[in-house]
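Across the two complexes that follow, chain A remains constant while its partner is chain B and subsequently chain C.
Showing the complex of A and B:
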């Protein structure tokens, strides 16, 4: 069920009405039911996977949590009777027991993710290796179900498990509440990757209909639809045309394609998240923000703090920090300092951890070398950026441009260009072609390519480009206003008439200029596939 | 004014603006079919005829371009209407017949059997031309359900703005001119063309793998038969005399057999083209696909006699109310003939703006 389908809107309306008609205590169980129905409609087989992840993670975390609790009680009672070494040994023994359960659940769930998502990718690579040695016979591909949103709900569940294991909070005692945390339908297919500590605060609460909350939620949904239908799905047409024919669309077209894709991806992903957050908000549930105007970032590091925030923080908290602080890395750090000196040696474990994080980030996005190279591309850019830090400081000591509007604009444009270039790996079918198309931007650029008719031949009209342009201006204006606080709060502060005019205009613009229905290909949200 | 009342009024006003805006946008963006493709406007015109008809023709272009109700009235006093639309599928014909019988009690329904060759939904654009013009009723609901192709959504029929929103870039003066009204494009359902394009080389039909009409087509023909029998309406099956699309002998036999088995009359006018007096060098405007005015009047003349003599269709030329209605239609009919002939003489085509 696409978020932009009539079926989803009908489903949403039914859920919304029933949710508020139910007594408060029945609201969260109903949401669980609705979430499972939503997932069932997508494919009944998916339910097995999400139920398995929910049950194993719930019981794994519960056992760990119970063990922690009973050990804490036992330890408090016997602490005084034990020597320091005995206390240490008891803690280690306890930790070992917890670790076994933790690793078993972690490996089981990451194993499910790996098998469903990466088996064919692995087979393809093995086959490439086999054929490199002259053997034409390769392994056969397998036809596996890839459950919708498995990357999102697996990461969300594993984040919970890790937090319980690390003693951040006790495990949830109700299996069904936990199942709702994993399967909450608005965020099931494309995130954000919520943290239990955040989402659980409002997910299980009783909610009474509140005009402001509901209207804010609806406004957010509307804004999401505007971005997705008016801009993303319209500009998707030339993006597809450019990608499909790299022989013809090289040079400036490849550059235009990268820029169009940057716009499409932003509107598609943030639009989807707006709908997710808005849907939850109409029911009084607060879902974590996933974007803070990322295209206003001045460098890549900042960009990753503002784009797909919940994924970035997940990788930082659950991969980067544990790896950086692992005993293995301590040893690496020691050895590298001894071998390469303190200055270079201290960077080695950080870069190695970063490398692992970006490799996993890449492969999390998709089972292909394109995504791996994209992830590593980010790593390289961030590393270079850090290494050039002394140069930047020297430059700014000589040239007094820091803080000027022009310099800020330069930084923003530079970041957008770098990120758009890296995203070309999302677009083209393989890594060599992506490099070729990137090179063509410089090698095959011709003035004759600046031709409106050529862009119209890509499948949308000049009027469509105008709609995208106007949409872009609206996006920019809203982002500018957002810098000084919530736009919805600002509109809420206006008199009733201007409020009505603003939202009614947005509604009519979306209805009329949205790229939906017959004549437009119903397009899945890009992040649904991850 | 009390604050509560003020608030209530504001809410009512806001709703009115929302509904009004959506209605306006819907009207503006829906296709008007007032020039170029006129067929989409024909189904809706039926509701403006206040008289009760004795014969209702239901079917595709083989009826609405080949039968002239004006001629039938002027020469035989037959009060008839053609509920025709482009590529009208048999389930659409059935539901149009059902709706017609709910609204009036014709003595005969004439159904053109060419649409038996389609067993499943075909084309959204043609669906729209039949269905958009129908008034809302269970017949329309069921017709939509039976007709929708995979890409269509029922809700887009309920709220046509959801379907036609993308016409914003194709808006023309017609869209503004016909926001709240439509001109008549047909003459009791007849689509007139006075020009001539002789039928010179009509292709033979290609051999088919299977000549049997589909189960779905038969299901609706059965329903149509039952509907007419249950309501005391004579159902007359016809095949219009146009030469293309090709009408296979195997198809014809199935219709002959069906009519016999169900006690119906089936008239294949293709076999009677000579009796009708059709001259394929003069009586068609598109090389034999459809008849022009001359051909349609010959066909109407032939069929009118049959309707009067064999089916006891009354001559209602003496009824004042009916005559008053027909006077208006005949005036338009004559004016349209004059317009088309003038254009033909001046510009070589009946619609020079196309």
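Showing the complex of A and C:
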């Protein structure tokens, strides 16, 4: 059930009405039911996977949490009777017991994710190795179910398990509440990857209908639909045409394709997240923001702090930190300092951990080499910009441009261009072809390619390009206003008539210019496939 | 405390670490800095900081970082 389908809108309306008609105590159980119905409609087989992850994680975390609690009580009572060594040994024994359960649940769930998502990728790589040795017979691919949103809900559940294991909070005591945290339908298909500590604050509470909350939620949903239907799905047509025919669409077209894709992906993904956050908001539930105007970032590091934020922080907290703070990495650090000197040696653990994180980020996006190379491309760019830091310091001490509008604009454009170039791996889905097309931007550029008719031949009209352009200006204007606070709050402060005019116009624009009708079909959200 | 301030100054010479209280929340220390920092601390003080302790609360000021180191040192006595 796509967010942009009539079925989803009908489903949403029914959920919304029932949610507010029910007594407060029945609201969260009803949301669990609705989420499982939503998942059941997608494919009944999916339910087995999500239920398995929910049940195993719930009980694993609960056992760990109970063990922690009883140990803390026992330790407080017996602490004084013990010698220091005994205290240490008792703690170590307890930790070992918890670790066994933790690892079992973690490996089981990551195993399910790995088998469903990466089996065929592994087979394909084995086959290419076999054929490299001249053997034509390869392994045959297996037909596996990939449950919708598995990357998102597995990460969300594992984040919870790690937090409980680290003693950040006690485990949830109610299995069904936990099952709702894992399956909450608005964020099931494309995130954000919520943290239990955040989402649980409003998810299980009783909510009474509140005009402001509901209208803010609806406004956010409308904004998401505007981005997705008016801009993303329209510009998707030339993006597809350019990618499909790299032989003809090279040079400037390849560049235009990368820029169109930057716009499409932004509107598609942030639009989807707007719908998710808006749907939750209509029911009084607060879902973490996933984007803060990422295309206004000054460098790639900042970009990754503002784009798909919940994924970035997940990787930082649960992969980057554990690897870089591990005993192994401390040893690597000591050895590399001894071998390479303090200055270079101290960079080794940071870069090694970062390499692993970006490799994982790449493969999380998809089981194919283009995503892995994309991830590693990000790593390389971040490493280079890190190494160029002394140069930038020197440059700014000589040339006084920092803080000027021109310099800021240069930084922003540079970041957008680098990110768009890297995303070409995502477009062409083929590593050598991507390199070829990137080179072709420079090698095959011809003035004759600056030709409107050629762009119209890609499948949308000049008017459509105009709609996209106006949409882009609206996006830009809204982002600029957002810098000084919530746009909805600002509109809320206006008189009733201008408020009505703004939202009515946005609604009509979305209805009239929403890219459905002949030749258009509301397309799958890009991030649903991850 | 002086050794810690020296390590921090090495990372960001432009920051006054004696007074700054929002190192993580204010975006001064990013994840790369924190990882460099814990490996420096490991070198200098011979204490191991675990991933679970890498929280904004522990790293928001030189004082809180020092408190964490001290707690670790006391624990080992």
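Here is the rule we go by: the second predicted complex is superposed on the first by the 528 of 530 C-alpha atoms of A that agree within 3 Å, B and C clash if a C-alpha of one lies under 4 Å from a C-alpha of the other, contacts with A are read in each partner's own complex, and residues count from 1 in each chain.
Going forward, contacts are C-beta pairs under 8 Å (C-beta built on N, C-alpha and C of every residue); 3 or more make two chains touch, one makes a residue touch a chain.
Because the structure is a prediction, the values reported are computed rather than measured.
By the touch criterion defined above, A:354 lies against chain C but remains apart from chain B after alignment on the C-alpha atoms of chain A. In the superposed model, A:166 makes contact with chain C only, not with chain B.
In the superposed model, A:447 lies in contact with neither chain B nor chain C. Once chain A of one complex is fitted onto chain A of the other, the partner contacts of A:321 are limited to chain C, with no touch recorded for chain B. Legend: residue contacts after superposition of the two complexes on their common chain; A:76 is shown touching neither chain B nor chain C. Look at A:399: by the touch rule set out above, it reaches neither chain B nor chain C.
By the touch criterion stated above, A:504 is placed in contact with chain B alone, chain C being left untouched. Put chain B and chain C next to each other and count what each touches on chain A; the higher total goes to C. Residues 27, 30-32, 34-36, 38-40, 42-43, 48-52, 54 of chain C touch chain A in their complex. Partner chain B is touched in their complex by these residues of chain A: 6, 461, 463-464, 496, 500, 504, 508, 511-520.
Listed in rising order, the residues of chain A touching chain C in the complex are 166-168, 301, 305, 316-317, 320-322, 324-327, 329-330, 333-334, 337, 346-347, 349-350, 353-354, 386. Of all residues in chain B, those touching chain A in their complex are 10, 14, 17-18, 21-22, 25, 29, 124, 151-153, 155-156, 161-163, 165-166, 168-169.
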